[in-house]
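Listed below are the structures to be examined.
Shared between the two complexes below is chain A, which pairs with chain B and chain C, respectively.
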Partner chain A sequence: MTEIELGRFPSVFARVKGINSKVREYRALIDPVYEYCVIPKGDAYLFGHSEVAFQQMTVGPPNARTLITGGGFNKTVVFEVGSVEIGGLFFEHVEFAAVDLPQQVGFEAVIGKSLLKHASVTLDWEHKLLRISKAS
Partner chain B sequence: MFGSKKLTFPVKGPMRVVCRIEGQNKHARELTAFLDFNSTHCLMFAHDAIYLGYSDVANRAREWRGLFPEKAPYLISFRGVERAILIRLKQVSLGPFAVEDVTAVCLEAEPSLLLPYDVVLGRSFLDKFKVTYDGKAKSLSIS
Partner chain C sequence: MSSGHLQEGSESEELTLSQIAGKYKDRWVAIVVTARDANSQPTKGKIVTQDVDRYRLRQSLAKHDEVCIFYTGETPYPLLL
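Now for the complex of A and B:
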């Protein structure tokens, strides 16, 4: 189990490793409302998923999805990354979607349900603590 | 805090529950609520707020902000920067839990009515509790 200080928003420092072993680090928002974890499209391309560049084609790649978000419909691709590390906990084969979030949000990445289904998250506002553990 | 009370419910898709909201005119409504601990305030539609006695929300937020800037905050959401009118709900109840004086906002650009909820319960309500999301058991508990 990892305990992290709970700030204004529940967020964690996540280290994402692509299938090509490239690594990116993010301050990521925890949000179980999101079906998939989210990283920017540019980083998805860097992780070897070049199909993010072709999603405007009439016939998209087989992993293309249309997601419904607060901002409306969002065309994207869904892919697996090698591993995600959060505070010493490793999660493997997590599904991510490539979405560029608005800059005003202050987060580039979101940890969604595709990772949180393997975890248990407690938000304790009284003690300002976020506890995350791997589901056994 | 609320002693040893605990409310657990299964998470199937969006985290929806039914809550009871009491307004300043003592009218109350039971509404389908969506739990979102990343939303700073609760969020509701203007027609529900007007029924509960908050007629301020009928104003346009950009004009209301000129008169009462503290009652018309700017919010940052995944849609970008949004204008809203702030109200204080008399009481919000969810199962055995009831919280008084909960801040809520009505957005100037309202979310689509096709969305399957009437109100978003944000941190102005949820930060009085300990919230646990268990992905393996697919459950959310509030204590």
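Now for the complex of A and C:
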């Protein structure tokens, strides 16, 4: 189990490894409401998912999805990355959506349900601790 | 403070994350992580580049195979995503 200090928002540094072995590490928001984890479109492209550039076409790539967000409908692509590491815990076969969150949010990655369904997460606001472990 | 990308071959100093947040306030920074705590969270790093605009930051990172990117500030607004 990993224990991380809980700030104003539940967040954690997450290392995301693409299928091409490129690595980006983010301070990622933890939000179980998100069906998928999120990384920026530019990083999806960097990880080898060039179809992100064609997601707005009338006939999009087969992994194109329409999502509903606080800002309305959002067309994007969904893909698996190589692996995700959080606090020394490794997760594989995690689906990500390529979405550019507004810069003002201060986060550009989200750990959503596609990873959290493989984990147990406790938000202990009283002791300002976030605990995460892999589901058994 | 303007955007700044470290020149190839030059070496930036190792800073703690709180030092980075103090030196590059309310900016997007990209670092090479040099130290981690027991929970594998970054504690120290060397600045690769920093900018107020994360899209501009990204343009200078394409050749880097591994970097850690984060915003040093905090949104003044309540979040409702």
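Going forward, the second predicted complex is superposed on the first by the 136 of 136 C-alpha atoms of A that agree within 3 Å, B and C clash if a C-alpha of one lies under 4 Å from a C-alpha of the other, contacts with A are read in each partner's own complex, and residues count from 1 in each chain.
Methods note: a contact is a pair of C-beta atoms (placed from the backbone, for glycine too) under 8 Å apart; a residue touches a chain by one contact, two chains touch by 3 or more.
Not measured: the values here are computed from a predicted model.
In the superposition on chain A, contact of A:50 is made with neither chain B nor chain C. Of the two partner chains, chain B is the only one touched by A:124; chain C is not. When the shared chain is aligned, chain B and chain C each come close enough to touch A:9.
In the superposition on chain A, contact of A:26 is made with chain C only, not with chain B. By the touch criterion stated above, A:116 is placed in contact with chain B alone, chain C being left untouched. By the touch criterion defined above, A:66 reaches neither chain B nor chain C.
Of the two partner chains placed by the overlay, only chain C lies in contact with A:40; chain B stays clear of it.
By the touch criterion defined above, A:105 reaches both chain B and chain C. Note: residues 9, 31, 69-70, 101, 104-106 of chain A belong to the chain B contact set and to the chain C contact set alike, using the contact criterion stated above.
The touching residues of chain B, when paired with chain A in their complex, are 1, 11, 14-15, 34, 36-38, 76-81, 111, 123, 126-138, 140. Note for the complex: chain A touches chain B at residues 9-10, 29, 31-33, 69-71, 101-102, 104-106, 113, 116-126, 135-136. Residues of chain A that touch chain C in their complex: 2-4, 8-9, 12-13, 21-27, 31, 40, 42-43, 46, 69-70, 85-88, 101, 103-108.
Listed in rising order, the residues of chain C touching chain A in the complex are 28, 33, 39-42, 53-55, 58, 62, 65-71, 73-75, 77, 79-81.
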